[in-house]
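After this come two complexes, each holding subunit A, first together with subunit B and then together with subunit C.
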Partner chain A sequence: MADATAQSRPGVLAMLTARRGRGKLHWTDVFSYIYLGLGVLLMFGPVIWLALSSFKTPAGLVEFPPTLLPLGQISVPVEGYDDPLLLFSVTTETGETRELAQIRRIGIVRQMVDPAAPDERIDVPIDAAEPIREFDMAWENYTDPLQRFDFTRYLWNSVVVTVVATAITLLINSMAAYGLAIYDFRGRNGIMLLVIGTLMIPITVILVPVYLVVTQMGLVNSLWAVILPGAATPTGVFLLRQYMLTIPRDLIEAARMDKASEWAIYWKVVMPLAMPALAVLAIFSVMWRWNDFLWPLIVLNRSEVYTLQVGLNAFQGELNVQWHYILAMTVVTLIPVVVVFAFLQRFITTGIAASGMK
Partner chain B sequence: MTEIRLETIRKAYGDVEVIHGVDLEVRSGEFVVFVGPSGCGKSTLLRIIAGLEDITSGSLKIDGTEVNHVTAADRGLSMVFQSYALYPHMTVYKNMAFGLENSRMPKAEIDARVREAAAMLQITDYLNRRPKALSGGQRQRVAIGRAIVREPRAFLFDEPLSNLDAELRVTMRKELAALHAKIGGTMIYVTHDQIEAMTLADRIVVLQKGRIEQVGKPLELYNRPQNLFVAGFIGSPRMNLIETTVTEGPALVSGAARIALPPGAPVTPGASVTAGFRPEHLDIVEGDGDIAVTVTFAEQLGGETYLYCAAEGLPQITVHRPGQLPVEKGQALSLRLDRKQLHLFDADGQVLANGLANG
Partner chain C sequence: MTDTTGFGARATRVVTAPLRWIFEALDKPFQALQRLGGIGSMPWWFLLPNLLFFGGFVILPLFINFGYSLTGGTRLFLEDRTYTGTEQYAFLFDCGNYADPTSCREDRFWRGIYNTATFIFFQVSFLVLFSLVTALILNRKIRARGFFRAVFFFPVLLSPVVVALIWKWILLRDGLLNAALVGMGFDRILFFVSPEWAMFWAIFVSIWAHMGFYTLILLAGLQAIPPDLYEAAEMDGTSKERVFWRITLPLLWPNMLVVIVLALIKGVQVFDEVYVLTGGGPGTATQFIVQYIYNTGFTNQVQNFGLAAAASVVLGVVLFVLTLVQLAATRRRDGG
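Up next is the complex of A and B:
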């Protein structure tokens, strides 16, 4: 049985090279592959560039023309010089190629030295020297922020905010949804409209009042200031309520006949059945919270309560942008989202299809 | 043992009244079937008894105590739903134990009860499965098992067999009857299938448009329908009903039918009367009968024969005879009614007579 399915299912390679006709390349095949390839390039390109660039040294980042791979120029220790010198491949006037180390550059001339014979100085025009590179990962882009700049703390803060906020969001949104889906009362649709109506209000409009409330409650510079204000989301209530409406009423009534309390019906019957919708909301909530920047930036002013996104912003000074750190830490912030997406992709696509929201 | 009494129960949704004052007494240990066409209010009535619907006015008493304002959970009844309403995320065992867990029963007792019920319904092998992995009949049993384990004061069934195929329905019907014989609880059963009603019920309640048309034992309803609706509803194929006018004699006349009645029949000349006679109470006779018909369609089943006949000025007449008949399509027949089995209804549809002396 297992063998049969393994045989009948094509492998990844067969899938990637699948064609319309048998053997011959139809023009639609060409078209499809170009189209799909372009799509992959467009969507994956920036991410791959980000990941690769995050391993470049600051010098490598500003280099022109830019390189795709993180290549570092080889430097060698030369007798008589304190620092290692950068190695170049030089084409001499006679046409032979030598490996020389550069001492300094003066105008259009490089002053160079042969590492084997450090006493002799050679002047070379700059366009005759080609830097010798090797594949070099600048791991310090990652280790420095994580060790020196307390990024582990930001990471921890982000995790706390995301996990706690998602848990609270799921709990209170599902309770609201239960009330609006399971009970039939006059004004139910009116309340639902009100909830959906709040979707129309952009966060920037309520920024100031919410900030005032948070300040009055003394929550500024605590993670609760980030967690609490966004815990009840109209999107979540709407999503869960619509899903709960599809749960057969018979089940609720059967549970009532089974002497289940309202809490038991909510917790033991409706919640397990609403699991697909809850998973969707959980994914959304994780993504919202993890990527949230504006609100944390406003309410978190001390670096020990920074979340990752706010922490990233700290590398962006007025005069000096530390691109190598920003890129590396951006990769770090991407990882959880990618992991969540990889494992729960099925729920996300159904969720987006069901709610039309992203 | 539980007695359920309904006193002028009314139910309205807004301005629309759907149950118009129902009085009924369900005796202890009785199997009562509510039957009627769809939309007659039978399910609503059951849900009122269950506590899933509020009562607009009237009084519902269980063992003499009014329970109008007692919640469904506290009425001590259990219900089997048409859709079975099994919790899809729980195993069969959990499904059956859920109600008991909610009443905080000790685990050991829950286990004993679930296993006992499972053994009785032959679902022990499936206890660890989810409902999704069960067939319709098995789900049905689980739903019944869930009702049994709670040892309720009464069982309510809402069209429990309507989602099963014909063969399984017959089997489950027998099992339900056996179950009632075994545990003997008070049961109320809702169905639109009069065969289920006839086979299962101690007493049948025929409902139409939110009113009780007649209550009685199955054969009592069959033999002595109190009105046109019950006469037409109970029995398959249905009773032949023809509208006639009473002439001197007395006799009933309509189109190709002339039915002479014995003297003393409770009819007055000139009145319009509906005559009802079941397909099996028609004889094929030589010479003059009561109705002259032409066979339009004959169903020869071997053991029995159904004839569908047309007659001038009359609706289709169905004849049911045992055995095989040498009758062909288009043949003219003369039919004679068994006067002892003739039902007469007045213009309002109320019964005048269920059977007359042979005239």
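Up next is the complex of A and C:
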């Protein structure tokens, strides 16, 4: 009987009440969809609000209550005036509504003119006129910082750090993983233990001494200070080693028979086969580096070497916060991550599920 | 992970293209090493770069850290510092009453500990609860499951600075949330002026940002539960509530344990999002241990490296214990 009613429900209702198996609608079915609906709102909402706000003018941003969409006041060209005039909706004394353009404001009176009849001036009290606005995106929030701030430099620094660090990480981690996966040698277990050990030591525990090491190397306020300390990642070695263990040993033996050098086996036989695992590590490394904050904050003290994250933080901490630029720069900062996620979501989620790391 | 022809693999080839000439450049040196030391020496040559990095940036610093914590003064280089024994630790732990931070000589440290403890208690509990509920719902036969999974997961990839700015913009005095409150007839709330609200939002935002990661681990655990168990229960006419308590939860428990410990490990190190969101304020209401270390060692006018190092050793001990628990939990889950 429950089935019959479920099937007779049309459209949306049928979709919403569709459920696993037979039996009556359980309270968990209803709860699930309410939860998911709220979830979409709560997870997406803030990001969409950020994106919409980033197109508002400074005047639009301080408005309270805020408008949903970025709006700009319409201005119209009026005969006899050089510049376009701002358009208002005016309620006259007789109660009718007219669209008038403002010539100037004097105290509490607006001098206005009807765009259709530009000869007659009309004085309107200030509170009788409402600005007429339309959807208008303030692209200058995006274009100004590119010229006025060091924003392009931060962007460039972040790109350099991300690309160079990821390349180094892939190279040295895959070499170490190859050494641990392919060879049986005395001390291998000791090295594995060491790798597990380093897994236990996050950067937050050794901030001061790593700062000393970096200073001794003369790297403070250079991008190398950000790139080098995190280049060898125990999680990366683990992930790659586990994957390389699944590569058939016969392949390697065959290559040795053909007099291939060990290095050639590593990069011509094993590396191509380990591509999926390398891809996962590459994605992770890009994420880590692009989003890195605490360590760059410590070793980069001059604004020429700031990465995006440190630069953004510096801007938002300023006394006179220019939110219209900050919001736009935040959007620019999150775009690469969103693009990577959109295309590589499956790689990322399987990588996390398989390795339990982030 | 098995797709080698899709976009991901192509993107990877682009990313790894610069590596190609490095491989070719290293070909000759490694052949020479192989001729010199024989095949038995090769694993060491492959391991060498990584071990140098581990040694230089992890192992060595770990020992230097102890060294720092036993010295005083404001100089960075160890040879310029004076040996003070356990003075730094004694200073950190000099408390009239450990339950009351104001009775401690270094009250900022203890305030950091209490704030962190409060944060962890609520953050980990609700993080695990919401991750579990989300994973359970995503594990059902719902429409557009991939979409919903992505919705909950994507904040994991956002940078802490971006996460904090997104929420700061909503929570400001004239922000969206206050507009909604005023619209519903309530008064505005200055969220970053009230210590309780600042802590609430610190916890909320960090749950928002990290929930997807834990949801994913729990979802993988749920999907590993054999479906015939559920089929058998359904044939017996077992109620859904009973199925949850008797089948789902016990079989998911090893994963839950891993998630809880991982969340604890991350929670103890909370810094980034909250630092950008509240700056540790109002006052010291949302200052955590890592921020104490950062402030003491790097931002205060007098850079007290010794005290910062001593505090990091304390943090390190806590993390070490938690990591041992994590390894035990992971072994139990994977049946190792």
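Here are some notes:
The criterion applied here is as follows: the second predicted complex is superposed on the first by the 257 of 358 C-alpha atoms of A that agree within 3 Å, B and C clash if a C-alpha of one lies under 4 Å from a C-alpha of the other, contacts with A are read in each partner's own complex, and residues count from 1 in each chain.
Assume a residue touches a chain if its C-beta (ideal position, glycine included) is under 8 Å from a C-beta of that chain, and two chains touch if they have at least 3 such contacts.
Because the structure is a prediction, the values reported are computed rather than measured.
Because the two structures share subunit A, they can be overlaid on it, and in that overlay subunit B and subunit C fit beside each other without clashing. Judged by the touch definition given at the top, the superposed model places A:T152 against neither subunit B nor subunit C. Of the two partner chains placed around the shared chain by superposition, subunit B is the only one that A:V269 touches, whereas subunit C remains out of contact. Once the two structures are overlaid, the count of subunit A residues touched is higher for C than for its counterpart among subunit B and subunit C. Look at A:S261: by the touch rule set out above, it reaches both subunit B and subunit C.
Across the overlaid complexes, the C-alpha centre of subunit A sees subunit B and subunit C at an angle of 70°, to the nearest 10. In the superposition on chain A, no contact is made by A:T246 with either subunit B or subunit C. Minimum Cα-Cα distance between subunit B and subunit C in the superposed model: 8 Å.
Common to the subunit B-facing and subunit C-facing surfaces of subunit A are residues 261, 264, 275. Across the complex, subunit C is touched by residues 15, 18-21, 26, 28, 32-33, 35-36, 39-40, 42-44, 46-47, 49-50, 53, 62, 64-66, 166-167, 170-173, 175-176, 178-180, 182-183, 185, 188, 191, 194-196, 198-202, 204-213, 215-216, 228-232, 234, 237, 261-264, 266-267, 271, 275-280, 282, 287, 290-291, 293-294, 297-298, 309, 312-313, 316-317, 323, 326-327, 330, 333-334, 337-338, 340-341, 343-354, 356, 358 of subunit A. The residues of subunit B lying in touch with subunit A in their complex are 50-52, 71-74, 77-79, 81-83, 85-89, 98-99, 102-103, 146, 150. The touching residues of subunit A, when paired with subunit B in their complex, are 248, 250-251, 253-261, 264, 268-269, 272-273, 275.
Subunit C meets subunit A in the complex at residues 1-4, 7-9, 11-12, 15-16, 18-19, 22-23, 26-27, 30-31, 34, 39-40, 42-47, 49-51, 53-54, 56-65, 67-68, 76-78, 133-134, 137, 140-143, 148-162, 165-170, 174-176, 178-179, 182-183, 208, 213, 216-217, 219-220, 234, 240, 258, 262, 269, 271-272, 276, 279, 290, 293-294, 297-298, 305, 308-309, 312-313, 315-316, 319-320, 323, 327, 330.
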